[in-house]
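Order of writing sets the labels: A, B, C and D. Residues in every chain begin at 1.
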Amino acid sequence: MIKETSYELAKEIPSGSKIAIFKDSSVPMTLGLNMIKSGITDLEIVTVPTGGLLVDLLIGSGCVTSVETSGVSLGEAGPAPCFTEAIKNGSITIKDSTCPAIYAGLQASEKGNPFMPLRGLLGSDILTHRNDIKEIDNPFLPKEKIVCLPTIKPDFAIFHAPLADRDGNIYVGIRQELRLLAHASANTLVTVEEVTNLNLLSDPKLAPGTIPAFYIGGVAVAKGGAKPLNLPHHYDSDFQQIARYAKLAKSEEGISEWITQNLIENNDAN
Amino acid sequence: MIKETSYELAKEIPSGSKIAIFKDSSVPMTLGLNMIKSGITDLEIVTVPTGGLLVDLLIGSGCVTSVETSGVSLGEAGPAPCFTEAIKNGSITIKDSTCPAIYAGLQASEKGNPFMPLRGLLGSDILTHRNDIKEIDNPFLPKEKIVCLPTIKPDFAIFHAPLADRDGNIYVGIRQELRLLAHASANTLVTVEEVTNLNLLSDPKLAPGTIPAFYIGGVAVAKGGAKPLNLPHHYDSDFQQIARYAKLAKSEEGISEWITQNLIENNDAN
Amino acid sequence: MKFNSQEFLIHTIATLIQPSNTIAVGVLSPIPGSAALLSQQLSKQTKKKVFILGSSNPKFKTNHGVEIFDLAGQGRIDSFFLSGGQIDGIANINLTGIGPYPKQHTRWSGAFGSAYLYFLIPQVILFREKHNREVLVESVDFISAPGSSPKDTYRTGGPTHLVTNLCVFDFNREEKQFYLRSIHPKHSLEEVLDNTGFNFRYSPNPAITRGPSDAVLEILRTEVSEEISEIYPEFAKKIWS
Amino acid sequence: MKFNSQEFLIHTIATLIQPSNTIAVGVLSPIPGSAALLSQQLSKQTKKKVFILGSSNPKFKTNHGVEIFDLAGQGRIDSFFLSGGQIDGIANINLTGIGPYPKQHTRWSGAFGSAYLYFLIPQVILFREKHNREVLVESVDFISAPGSSPKDTYRTGGPTHLVTNLCVFDFNREEKQFYLRSIHPKHSLEEVLDNTGFNFRYSPNPAITRGPSDAVLEILRTEVSEEISEIYPEFAKKIWS
């Protein structure tokens, strides 16, 4: 269950996998950098529900064939350069969505349901371009059209969390979205700041914020594993480093430079 | 927000309300006894997903017109006498269901969805007798019939929890189902063992198990408010008392005797 | 070593679920619960997972009441147990009651999760200690959950066995029929035939259900009984004290 | 007292949402966020609730990323804010991009929650500081979220106002048309007409948007600026230091 390094964990993910990445505060940057190092390709990314630095980096490194997303940006550091460029030149397939539709697709998977109905979306051009979303008559109000979203079942959910125990239980605290990711995905790989000897489920105060090991396929320690993004109560985002990425990511050499530097820094921390 | 007594809280609920009651460990017995004392009638009960002592007691006290449930029993103490009798003599309307269907109806309400699809149920006589459940063609696999459950939106969720704070935030720990009840219901009334001066949402260890006051319409302290049922980490079920109920509940006088005794005991504890 | 009838049934069920990796147990099911825990103890190296509804031990508990149903929907549960006030020859079960619905003259508690889990868990073992013609009927009065479904119904699960105080049946899903697998020691084919209200297939010389070995009994009476007494204290007291 | 343009816009928006009890604010929206907090401070006795996406302060945060959408679906949110790379005369918004889809020559981040929240929150205020003909167009190139819907669409929400650096529009949902409500001080009707790519209704002598009183500025610069500097530190620094 507990791997020696993030690189070992990264190698568990085959090329071509469908990967769910949560939007913030739990972004597995070290794991992502090691996925790039492992030479992974053809990833289908689902952003939950939006994406940022890691998604852009994976696109810029040529690891991605499609992105299902409600939006990708670098937040205060501006547009996501590789995402934007990849759409312009058609090198990735974009499946535009809206936040609750991505959650609904994952919730359908969590329930083992073939679809989930959702209000909204009707009359939007998102719907026009998504042939995989169906419109049906609301069976309880036949004149109302309602959208049905297909199940989203990722092969892997990947995220970074503060703490795991030896059994592979993962403490996520108030980030209950990560529980949804683990339930909805076939497998879940997690990096953590540290591993504790106590059992997280046995402590009544920690249990409500803990995802049981049953859902977890592998864990590795990655100190600072979300850097340069933030991990609440541990470290803040490094705006300078993200802004630097935004600049460098405009060229292939720039991305390589940024990856090399951050891969060394993040792996060296462990 | 914080009421003086459980009786005051009970009076917030009008006759004819649709009430959601969770199956165990958080059953608001003191509140329920005070609802009976207040003379409430015509309740529509939704058991989440099954029911026990409190549901049987409300039926036996003539407060209930209908029950939507996956099952009502007194657990190890045997069948629920008033529930069984009320079905036999037709004094309540029974809406038989199955556990995940009740959860699905509440989850539809939580999302503001008009319905929720669910596998299973087809070919069951439950479906035969529930005209409010629809069968549709799975829009993603047209030859498959799939059941759509109507939204269940209770007027009130009621439960007992270990702790509230002055703002009305409620600590429920691992009982995350209670969060669903609060989200799905128009209003939520809660009794608690005690009220703390610290803010439950401000403590990162308690926040993951806390329901924000935003969803809560009223709180009252009721020490031992789940007795004779259990509240984990506080007190165990009193099997003798439940077995005594099972015996007494066979007559109207018996129920009155049991209610009077428990109402006094539970209210006196506060 | 000698063993009592509960220990015998626990071992019988544990044998049937031995290949499963994830086993869920419903409320108030001490014998299936003990069987699941025994099966876990007997294959420690493969790390079986057991969920027991109603347990407050975090080892066996889910985080949310809906989680066990979601897990079944996700295909993550291999084995489960159901019972019935009535069980019929095509494995329909009745947990609801007898007589014209809804004012049934005999009313049980209700379907619980059966109308969902019976469809989605690959191995559902029907278990009812009381083997007689009132329980094992030709045709149930109310189908709380059907034993089989038409081809166009999404169904990844269903009945595989029926275990009673007299015998073990296999259920053949293609033929929609029970086959007598084995008769418990000290009982006879005649007794089974006399007490079963539905038709089933059998050989004239049926196998005898094997009892637990001394090694298994040892594990049952130490590790398993300790775990069980936390979850079902009354049951554990009755059997092992 | 003097005030800067951000303070003016914060006050303008706060005035529009004053009747609301529950206000949600999207990510990276410091001016609407400040307006929501100001509105909360101005009606302390009514206990307004403000949700700010992306805030880590439990006071403003939801428990789960999906919760804000569920809250909207439940009808528990009164007011919300949206923007657009393009906004057109029938209040359609484009957050996606310009040019033939999918290989758009101008690509923005994406629709975020707009294609849902625009349908379900009763008061959605469109806010875009940059008022010109590139932003306020006759017809958007891509409808990320439509400003109105046919009668048979379930829609409990939609646009009520559009606030820019020049003026405030009301949106009339029946007529599907913007009405000029007021022009900000130092700006003219001519300027608004010149810079707006869609037709709208107006009176020849439009009202002038009222600025914040000294009392309001005081609250804005003390209580609100303190709360805002926790959530949007860069913004607070820029405006109030």
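Keep in mind that, in the parts below, contacts are C-beta pairs under 8 Å (C-beta built on N, C-alpha and C of every residue); 3 or more make two chains touch, one makes a residue touch a chain.
Everything numeric in this text was worked out from a predicted model, so none of it was measured.
J.: How many links in the shortest chain of touching chains run from chain C to chain D?
T.: Counted as steps through touching chains, the separation is 2.
J.: Please identify each chain that touches chain B as well as chain D.
T.: Chains touching both chain B and chain D: A.
J.: Pick out whichever of the two, A-C or B-C, is joined by more C-beta pairs in contact.
T.: B-C
J.: Let me have the rounded angstrom distance from the C-alpha centre of chain A over to the C-alpha centre of chain D, please.
T.: 29
J.: How many angstrom lie between the CA centroids of chain A and chain B, rounded to a whole number?
T.: 36
J.: In whole angstrom, how far does the Cα centroid of chain A sit from the Cα centroid of chain C?
T.: Those two chain centres are 40 Å apart.
J.: Show the residues in chain B shared as contacts by 2 or more other chains, in ascending order.
T.: Residues 111-114, 118-119, 138, 144, 146, 174, 176, 207-208 of chain B touch two or more partner chains.
J.: Hey, what residues on chain D touch two or more of the other chains?
T.: Within chain D, the residues that touch at least two other chains are 58, 63, 69-70, 73, 120, 154.
J.: For this entry, which pairs of chains touch?
T.: A-B, A-C, A-D, B-C, B-D
J.: Mind listing the chain C positions that touch chain B in their complex?
T.: Answer in residue numbers: 27-28, 54, 56, 58, 61, 63-66, 69-70, 73, 95-97, 101-105, 107-120, 142-146, 149-150, 152-154, 234.
J.: What residues on chain B touch chain A, complex-wise?
T.: Per the touch definition, chain B meets chain A at residues 104, 111-119, 134, 136, 138-141, 144, 146, 148, 150, 173-174, 176, 204-209, 233.
J.: Along chain A, where are the residues that touch chain D in the complex?
T.: Interface residues on the chain A side: 22-25, 48-50, 69-73, 75-76, 79-80, 83-84, 87-90, 93-94, 96-101, 103, 107, 118-127, 129, 138, 143-146, 174, 176-177, 180, 232.
J.: Which residues of chain C touch chain A in their complex?
T.: 49, 58-59, 63, 67, 69-70, 72-76, 120, 154
J.: Any idea which chain A residues touch chain C in the complex?
T.: Those residues of chain A that touch chain C are 109-114, 179, 183, 199, 201-202, 207-208, 212, 214.
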